[in-house]
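First, the structure itself, so that you have it in front of you.
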Amino acid sequence: GKSSGPAGKNLKLGCLAISERMVQWIKEGLTPLGYNVEIVMFDANQLPAVALKDGNVDGIIANHRQWMQTFNKENNCNLEMVQPYLFRSFYAIYSLKYKKVADIPQNAQIVIPGDPTNLSRSLIILREAGLITLKDKTGHFYTVLDIKDNPKKIKLIEAEITHTARSIQDADAVIATAYHISAKTKIDPRDVVFEDPQNKDYPLGLIVRSEDVNSAWVKEAVKIYRSEQYRAKFNEVYKGQYFLFD
Amino acid sequence: MITARNLTKSFGDTHVLRGLDVHIERGGIYGLAGRSGAGKSTLLRCINGLERYDSGSLIVDGIDVKTLSGKAMMAFRKNIGMVFQHFSLLERLNVYDNVALPLRCWKYKSAFIDRKVRDLLEIVGIPEKIRQRPRELSGGQKQRVAIARALTMDPHILLCDEATSALDPKTSKAIIDLLKQINGQMEITIVFVTHQMSVIRGLCKEIAIIENGKVAVSGTVEDVFRQQPGALKNLIGEGDAGPGGEGMKTITLLLPREIAGPLIARMAVQLGCDLTIQGGDPLLSGEDPEGLTISFPEKDRLGVEGYLAGHNVAWKDADTQNTRSSDRVDAYGKAYETQVPGIRPDLL
Amino acid sequence: MITARNLTKSFGDTHVLRGLDVHIERGGIYGLAGRSGAGKSTLLRCINGLERYDSGSLIVDGIDVKTLSGKAMMAFRKNIGMVFQHFSLLERLNVYDNVALPLRCWKYKSAFIDRKVRDLLEIVGIPEKIRQRPRELSGGQKQRVAIARALTMDPHILLCDEATSALDPKTSKAIIDLLKQINGQMEITIVFVTHQMSVIRGLCKEIAIIENGKVAVSGTVEDVFRQQPGALKNLIGEGDAGPGGEGMKTITLLLPREIAGPLIARMAVQLGCDLTIQGGDPLLSGEDPEGLTISFPEKDRLGVEGYLAGHNVAWKDADTQNTRSSDRVDAYGKAYETQVPGIRPDLL
Amino acid sequence: MIPDGYWAYWWRYFDGIIAPSIGATLRMLSVSMLFSFIGGFILAYFLILYGPQGLRPDRSKYRVLDFMVSSIRSFPIIILIVAISPITRMVVGTTIGERAAILPLTVAATPFMARIIENSLRGVDRQLIEAARSFGASDFQIIMKVMVKESVPMIVAGTTLATITYLAATTVAGAVGAGGLGAVALNYGYQSFNNTVLYTSVMILFIMVLIIQRVGDWLYKKIL
Amino acid sequence: MIPDGYWAYWWRYFDGIIAPSIGATLRMLSVSMLFSFIGGFILAYFLILYGPQGLRPDRSKYRVLDFMVSSIRSFPIIILIVAISPITRMVVGTTIGERAAILPLTVAATPFMARIIENSLRGVDRQLIEAARSFGASDFQIIMKVMVKESVPMIVAGTTLATITYLAATTVAGAVGAGGLGAVALNYGYQSFNNTVLYTSVMILFIMVLIIQRVGDWLYKKIL
């Protein structure tokens, strides 16, 4: 950091609505160690990463690693996700009407997240589920332009990520995270139509600038989120929604 | 038709009407005069209920205006046309649509509206401006549109607030003739607020002068102008130099009654003017006042003076107390002897 | 001061000014009259550059208005006050601020502004309305605010567009006296548009009547009213019944010249009226026209008729061709013999 | 400067993603502006009728209206979408897609339009209202034939303003899967690090704004 | 009905999250409205000066201004935030937080205010402008002392409208981590499916809207 560098033990940590608690617990752990931590909450988009890159915050828990790598490429920067990673989300196809992928009818409406990484990920889920096939990726992400075959003529509706779960009543199926599904609906998040096989490939965790990876506070932070206490709290709050890495 | 009793109306601290009484007969043309700010417009606006009055009563066509509201008020107003002092034309409608507006509101057939509007614009003399917007009209043209609009509904009562103030004399006369004509044909009651005395004299049958929020004088136009009460003088100023200088003039002939009487009679006939003999001048003499005091409309003053000068008769002006026509007249009784020879019996 | 040459101005198809020529002297009070819609307001607005004219020239104070713009135009207008026909007061400013506005724009000291504004409001007679908004004023009060505003800058030229139309006669007279006074004291040139003939006669020295976009008549007020040109008749209507009925009257005395001459002279003095001897009546006789034709202001008609009746003189009305005062007069030359005894030398 | 194949690349996005979203934007905008104009007009009618300086002042009725208008305006539009989603489902049958976005957009724009129209109507000279009263016009006629008539230019200018404001607001419609240029600019452009898409869609938005403004100004001038 | 401990739960969110965001909202709103009013006023001044029916019509200057105003208005605010972030960094020194949110909010609101003020000024009676011209007022004075003076009520009403509009828009400030009620409603409420927070913050927004509207109406009435 430039002005509010970790040397001064003043830290700014960025988060999203979903990760606010996780950062909060880290803050609670760092404070007794003499760190002065401020939490900045962002809407879900690339601004937390931009802020991190610019030195306006010192660490974020917001985006998954895949996205971070793209961001690095696009912005010629070196953000790094601290290992061990913290958690992963659980994506799946959910539906109120159908139990199996095979049941999904012709011309079905499937609501998928519209932001690029999740859209890309959703397209892969659909491909893995055998509903569509994809061409070669042209950009960083798959887009609907990359769909090659769509035998069931499935209609994809790109919505805001939380809205996918909200609209489950109105669609034939949605692609959503366990977190959103369990928060908004009474569905058991494990009651999936099709689980995303890539779930493990999208780790989330504390992202910092690469030069800070070995700094003292990061080490402390890792210690904190690897602690049993932290894990217990996490599992209590996000049980069945997000999954810690072992 | 319109009766106000003890009408009061204030705007905050400004007491505009303070117990005004007025009675306007059906079918009459009633003039309202008064100094600027006297409350004439306010009274008009009370009559058609645009302004609520504070106390007293105001009965129009048998109904107290204050009791009206909603549909009844609308129906009431339908029969009352009003020409506003500021015209109040809709800027975004052309002349045709402005005049047609009341008819449209009362859902007349469009063929009827068309005929009516064109007729009225013809009458007020601006048929060629039919498609113009108010902003493209001169002041007088706007006023005529306002007059036309007030007449569209064939109202029973027409309230005119200085409806000819922006018009040239000829157009003004044409409008006045029009008002007289519709008043005669259709028994419309017209209340006409104006500062133009000539309009009052030319148009109105009765008049009220508003002063201090009350009617200071009212009566027929002739009576008021003949008696020339203080309120009238307040309005048009002393002397006769003022614009539209009007009023009554009073003089005393400095002649024995037996001569003065026939002279006056003869003069009245020859001049065709309205002379009133008021009797002897109480100021002039003690027990047996001699001479005769007459009054006559201001407009006839020069005629009278010319006649008297022609007969070498001296007289005394009641307003100025100056004597005229003879330098040697210093007191009544000494003067007339020199005059009598000048009055040849064959001229009387 | 103000010279318009061949001025033209159209609004689209409406040709308002069509080659108007007018010359207004410095320090004069110039009346502009004309039928409603004649282009009076348009001319005024051209004079201070509010409206661009199409062709011709308009030189005000040595400068062609058309050449002005920006700062020069502002400085030019600073010296020209204008009373608008529609007052054009700012609704959201009170009377004080409305009148003070020009001074504020020219950055006068506030103590000066305060004194000036209060003085002016005193003069126009509405000091008690100083904190009122225009919406709370009567029509005449608004007009007086507009007059006060036009006077704040002590303009060299004052353009008044029907500036007394909403005022009662007394207030109107006071304003006119005020204008006369400032005209006398400060050499202000005043251009006064009005429909009130009495105002023109009471205020203006010269007058122009606009007809068909041109000046139909212009000259001193006396000349114009004496000659009573067609344009004047068009404006005020035929006859004298019209409001403010004005004009000139022409009659021929049915008397030999040697008697008529002294009679006329004497009459002029005694009536204090403006008689003009026009010469013999060419219609009356062949080779040697007898009798004298005189003309005099319409307002003196009754005086003259009274005087003539008093002297038993017969006359002939030029307009109506009727003879008056003697039933037996059928032709000139036979009548006067019976009259001559009636004219006693001691009365001449 | 421009690399080979750039236009093919551009065209691929334009044709596949941007072009359809133009239609979506226009449909959402025009339908929601139409309905919100009607709704706003009706609300403004009653606000003017019952307002404190209105034709028939009625404190309690005005309060209710004012309350309604203010309460809707206090919802950030994305939250409004959620808050009225049961109604949306009832009315439109779904809470996703273009048609589902139109209702919340309309609901959001209606009180805005109501205020715009109310403000315009409030500007009408009271003398004109009196003149209309003097010949017995009803309150309805006074509003429709006098106040509305006289303030049409103001209303046109206000509607232009509102239309441009809600053009940007259609971006939010992307949240419910309605697409539209704003959402494309956001998701396919900005978030996907794709400047081509980003600037193309912003450029198209800009052209739309210009056209709306020009049409509005032209109407204003024509109508004045 | 209300479960035990609900109020404690509510208080936890209110005290910890909602209450601080009220201050943030008020600060962002007031500062950005202040600056955008000033900026909008200046723009409106020139729009009115050079506009087609303006005091000193100048087609090309007007085009430039119109272009500027329209182009800013065509950016969805979230994209505007990104587009001007280099400027934000230069001016504010950071691109996150409350202070960094104020600049884009101001930039977004400025052309809106400009149009609001322009529309108000356009409504001024031309006769009054002429009257001012007749005593030699400069264009600046005509605009400031006549047009602005006369349209103050309209401008007040328009500013009320704009303030309420941008109160909702501060929601977007959440994107740059500036907090505020809208962001709380969105992040802690909507995205976290927490209806308590959602409706509490909307309720507070509603109260703010009511207050702004009341103050605006009161000013309007007082000033009329």
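Some notes on this structure:
For reference, chains read A, B, C, D and E in written order, and residue numbers begin at 1 within each chain.
One rule holds for everything that comes next: a contact is a pair of C-beta atoms (placed from the backbone, for glycine too) under 8 Å apart; a residue touches a chain by one contact, two chains touch by 3 or more.
All values derive from a computational prediction rather than experimental measurement.
The chains that touch both chain A and chain B are D. Shared contacts of chain A and chain E, meaning chains that touch the two of them, come down to D.
Between the chains B-C lie more C-beta contact pairs than between any other two chains. Of all chains, A has its CA centroid at the greatest distance from the CA centroid of chain B. Chain geometry summary: the mean Cα position of chain A and that of chain C are 90 Å apart.
For the pair chain C and chain D, the distance between mean C-alpha positions equals 59 Å.
One finds 57 Å separating the Cα centroids of chain B and chain D. Counting partner chains per residue, chain C shows two or more touched chains at residues 86. Of all residues in chain D, those touching 2 or more other chains are 78, 82, 153, 186, 190, 224, listed in ascending order. Within chain A, residues 45 each touch two or more of the remaining chains. Going by the touch rule set out above, the chain pairs that meet are A-D, A-E, B-C, B-D, C-E, D-E.
Taken in their complex, chain B has these residues touching chain D: 45, 48, 50, 73-78, 80-82, 84, 86, 88-93, 101-102, 104-106, 149-150, 152-153. Residues 127-128, 130-138, 141, 145-146, 149-150, 152-153, 223-224 of chain D are the ones that touch chain B when the two sit in their complex. Partner chain D is touched in their complex by these residues of chain E: 52-53, 66-67, 70-71, 73-79, 82, 112, 115-116, 119, 122-123, 153-154, 157-158, 160-161, 164-165, 167-168, 171, 182, 185-186, 189-190, 198, 202, 205-206, 208-210, 213, 217, 221, 224.
Every residue of chain A that touches chain E in the complex is listed here, in rising order: 14, 16-18, 20, 40-45, 47-48, 50-51, 54, 56-57, 162, 180, 183-184.
Of all residues in chain D, those touching chain A in their complex are 12-13, 16-17, 78, 82, 85, 89, 93-97, 100, 174-177, 179, 183, 186-188, 190-194.
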